[in-house]
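See the structures that follow.
The two complexes that follow have subunit A in common; it is paired with subunit B in the first and with subunit C in the second.
After this line comes the complex of A and B, so read on.
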């Protein structure tokens, strides 16, 4: 297991390096750079005639005139060595300041959504497989299709309405008014948790629908395995048998797609965030792209991809733990 | 000898999308303590599901007929009606494994691939022998030794995929026997193995059965294997027992045309240049069970107007033996 972990760890670091190169290239892809944008913004409508030389001067000021390779090493070096993501041009401050708390709030939403998805879908999927063909099973299938068919933002609106009616007014956003600008405390964390469940439910909804069907399908296969009958034939109590034998293998496809889930949740987040009035990174990423504010965009992309790569690493370890045969093929 | 297991009028039906099928039809058999009953038949003859019914291992769409009686006498001498045990009851779990053990055809598939051999053995030992973890592990190693697995104390921590096919089946035997069953059901335990390994495993099973004084039901499609291991034999065709009796007698002097066909179908080294003689025709689908004698569609000696109309009843022409066939019933009727 140690050897396997180390191999995967090395693999993860290499992947992260390659990913950082790709992120940097993506940052370079849009035509023009922040120097153009800055000149346009500062001087448009002022009647000042901006020459190519002026833009070149701005470019030099911002350090955008250096060769690409050099800028890549400056950028990644700053992140790795000093945790410095560079300057957020459009905000005229550092990226770290712009992103600030949003990282943790986004991570909070991401992980609570993941957790909720698995806590709900795995037991229900197992139950549906065990009771295959029953009314409950068919009911869950209908729910699954509903889950897949409903757009997130609509669900968010509906939930917002009902949450408002049943639980009192202030449910949008991630904090109550009294905590919004307060410094971190136990009360603030609790307040955050009280607000997190709503976006988590909205974002988890479709994933739960998919994963229920995944778990139900693999669990149905596993339940028919001879090893399950054999275990039953030696008198293992049913509940223990279900958890120990078929479930362990049935959650394999769920575990192996953790990385995809992270990506999907992040992509769906901005729309839901707009409806629910959340502060998170997705919307900031869009704005950074519009402004050609590459350091901000790069920082967000890098964090997202690193999270995905890291979660893939976690899912590899989990898979190896779930199924010891996997280590052989490593 | 007292019977440890009696099964009477066992009929099993399945609800399927094509309607109700009854792959096991009014089957009666028994097992005596310390003896081996061989159940022989082609695939789909209902051998496996008959034994699975004993331990309530059939899928949810299966049901037993009202006339079915399955009585098992446990190690303490208590009579238990197997069909009446509640699902999930402690009594049923005690019977499963602790009183009646089961070995399956594919040793690879009957172990879970994600737990070590030892883990799965210790589970059974702790459940049925009430031992603590450490003692259960010792016992597992002892059992692995007993079935001829070398270096058992290392093997116990290996996963099933790290063992060869023959070793796996030995380990499965060790696992099943470690729960201490009085009756062992072996469902084609050697079919998936190489011939040489097959012989070793058969020898092992026979020896263990004698040493432990267990009753055994040995399911196979191979009458050659029956000759080696079984005391009594019951030949099944399409869910009914067509012939039964002491194994040697049945093999030397088969009465039912189906048994004769099965024996003729065994390839022989002495007749290398002859063509093989399979039993002609295919097993009819369980959804289209023939009227009358189920075998008449493939039987060379079928009597038109009799065999395809009425099902024969079981008659005993030779003491200790029974056959379900009009060819013999006629003689019987004439004699009477």
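After this line comes the complex of A and C, so read on.
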């Protein structure tokens, strides 16, 4: 197990390195650089005449005149060694400040969504496999088609509309008005939980649809195995039998796709955040892109992707622990 | 009696002969034809493509033509009956302007006194069919002498016809999907082909790169590339840039499929024979190896359409994709971003139905094709 863990750890670090190069290239992509945009933002409309030389001076101050490779090492070095993601000009402060506790809000959304996905999809998938060909099974197939076809931002709009109708209150966002700028307290956490269900449902929607089908397919295969028949012949109670033999194997594909689920959730997050008015990293990422505040955008993209890479690593370990055959094959 | 038996024997024999001598593609087509849902999806999609290709003819008005007499107007559904009795031909009632009793805003309401009959192949705005053939005929509309326009699906806040805009948007969104899928297909062929054919170190490197692209969440990645488009680009430039962006990063899934298929057959006798005969790698891949799994590739291509369409819609929806005045499903849905829009102008959501239907249709066709392409899906 130790060897397996080490191998995966090295793989993770290599992937993270390559990802950071790619994120850096995306940050460099827009025309002009930080100095251009900084000067434009600071002095446009003030009547001050900015010359090429002024911009050149800003560039030199920030070390932006160095070759690209060196700038990459400056950037990644700052992050790894000092936790410094650079300057965010939209707010004239450091990226770390802008991001702040939004990281925790995003983590909250992520974990409530994952939890909801698995709590809903695993039992329903098992049920569908046991009752294959029933009306419920058929209904779930139709639902899984809709899971892909209904874009999440549309679902968000529809849910928002009905939530407004039924609950009357302002249901969007992550906090009620009185807690929005308050410091953290028990009341604020409770308020957050009350608001989290809507984004969780919207984001879990497509993942649930896909996972139900995955669980159903594996479970159907496993139910036909001789081990199940043998256990049934021995008189093992049906529920215990289900949990002990087929379910144990049927959750393997779910565990192995945790990384994909996180990927999908992060992919949908910015759009859903705009519709639901969530103030977390996804929304900030979109705003940073629109403002070309590439230091903020790069930092967020890096964080999201690193989370996915890390979750892939966790899922590999979990899987090896659940299913020892994997370890031998690797 | 014996004659009749003999007759059925020969027809059954002929059918069997036909079955055994049919080509792979004929067999796939026969199996696909039996898949009722997939056939239905294919015809719906066919209609969408036709409407998109002949948008200038199908849409009664241009995508930016304004009707200032009917702003934020409700859909006008053609009908056969009204208070004044029924008619054989469909018509819509005229409109008149009244004050909203609550907000005192001027609004258009139907005038039951007036009937305007629908006409086909009416004269209207001069357009260029497919951008080439000049014509002023449109599929349906009102008599051009009448001083009123017909808005099947209502109008937006500038008085632009939602039906016409949706038809033009269908062309944009579907074409972006088609071009995007083609670009990623070519890339997947090259990258997956190299990895699968040469295997070893090259394969390892390519796998690493593929892994990195797959691990970055795709919409935030697309958003980053789209954000880099210079603001002063024309709508045409933005359009081509969008297809490129979607195509350039859509290949990993298909490339992996091609790679693993190639790896599994690269040591087959016929491949080695071709290599010994001195064929070049490109020829071996294209002529000898690819044909063995072309049908799988087609299935994968069809299934990757929805992702292209949904990505384009999502990007345009948040303002990082196509920008007005171009029209795509996402651009149209931008106007319907708020709960207020759902309450007051629900017809602005009609383009969303197109998105859902198109994605569903591609998925169902993909499933049908997969079943049809599987040679073991029926026992004979």
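Rule of thumb we're sticking to: the second predicted complex is superposed on the first by the 306 of 330 C-alpha atoms of A that agree within 3 Å, B and C clash if a C-alpha of one lies under 4 Å from a C-alpha of the other, contacts with A are read in each partner's own complex, and residues count from 1 in each chain.
The criterion applied here is as follows: a contact is a pair of C-beta atoms (placed from the backbone, for glycine too) under 8 Å apart; a residue touches a chain by one contact, two chains touch by 3 or more.
Since we're looking at a predicted model, the values are computed, not measured.
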Touched partner set for A:323, first subunit B, second subunit C, both or neither: first
Touching partner for A:148 - first (subunit B), second (subunit C), both, neither: second
First (subunit B), second (subunit C), both or neither touched by A:81: neither
Touched partner set for A:69, first subunit B, second subunit C, both or neither: neither
Which superposed partner A:245 touches (first subunit B, second subunit C, both, neither): first
Which partner reaches more residues of subunit A (counting touched residues only), subunit B or subunit C: C
Partner chain(s) touched by A:236 [first = subunit B, second = subunit C, both, neither]: first
Partner chain(s) touched by A:160 [first = subunit B, second = subunit C, both, neither]: second
Partner chain(s) touched by A:227 [first = subunit B, second = subunit C, both, neither]: first
Footprint overlap on subunit A, where subunit B in one structure and subunit C in the other make contact: none
Complex interface listing, subunit A residues touching subunit C: 14-15, 18-19, 22-23, 26, 29-31, 145-146, 148-151, 153-154, 157-158, 160-161, 164, 259, 263-264, 266-271, 274-275, 282, 285-286, 289-290, 292, 297, 300-301, 304-305, 308-309, 312
Subunit A contact footprint on subunit C (complex, rising order): 208-209, 211-213, 215-221, 223-228, 230, 306, 310, 313-314, 317-320, 333, 336-337, 339, 342-343, 352, 355-356, 359-360, 363-364
Touching residues on subunit B, where the partner in the complex is subunit A: 55, 57, 88, 92-98, 101-102, 104, 106, 109-115, 120, 123-124, 127-128, 159, 161, 175-176, 179
Subunit A residues touching subunit B - in the complex, by the definition given at the top: 225-227, 229-238, 244-245, 248-249, 322-325, 328
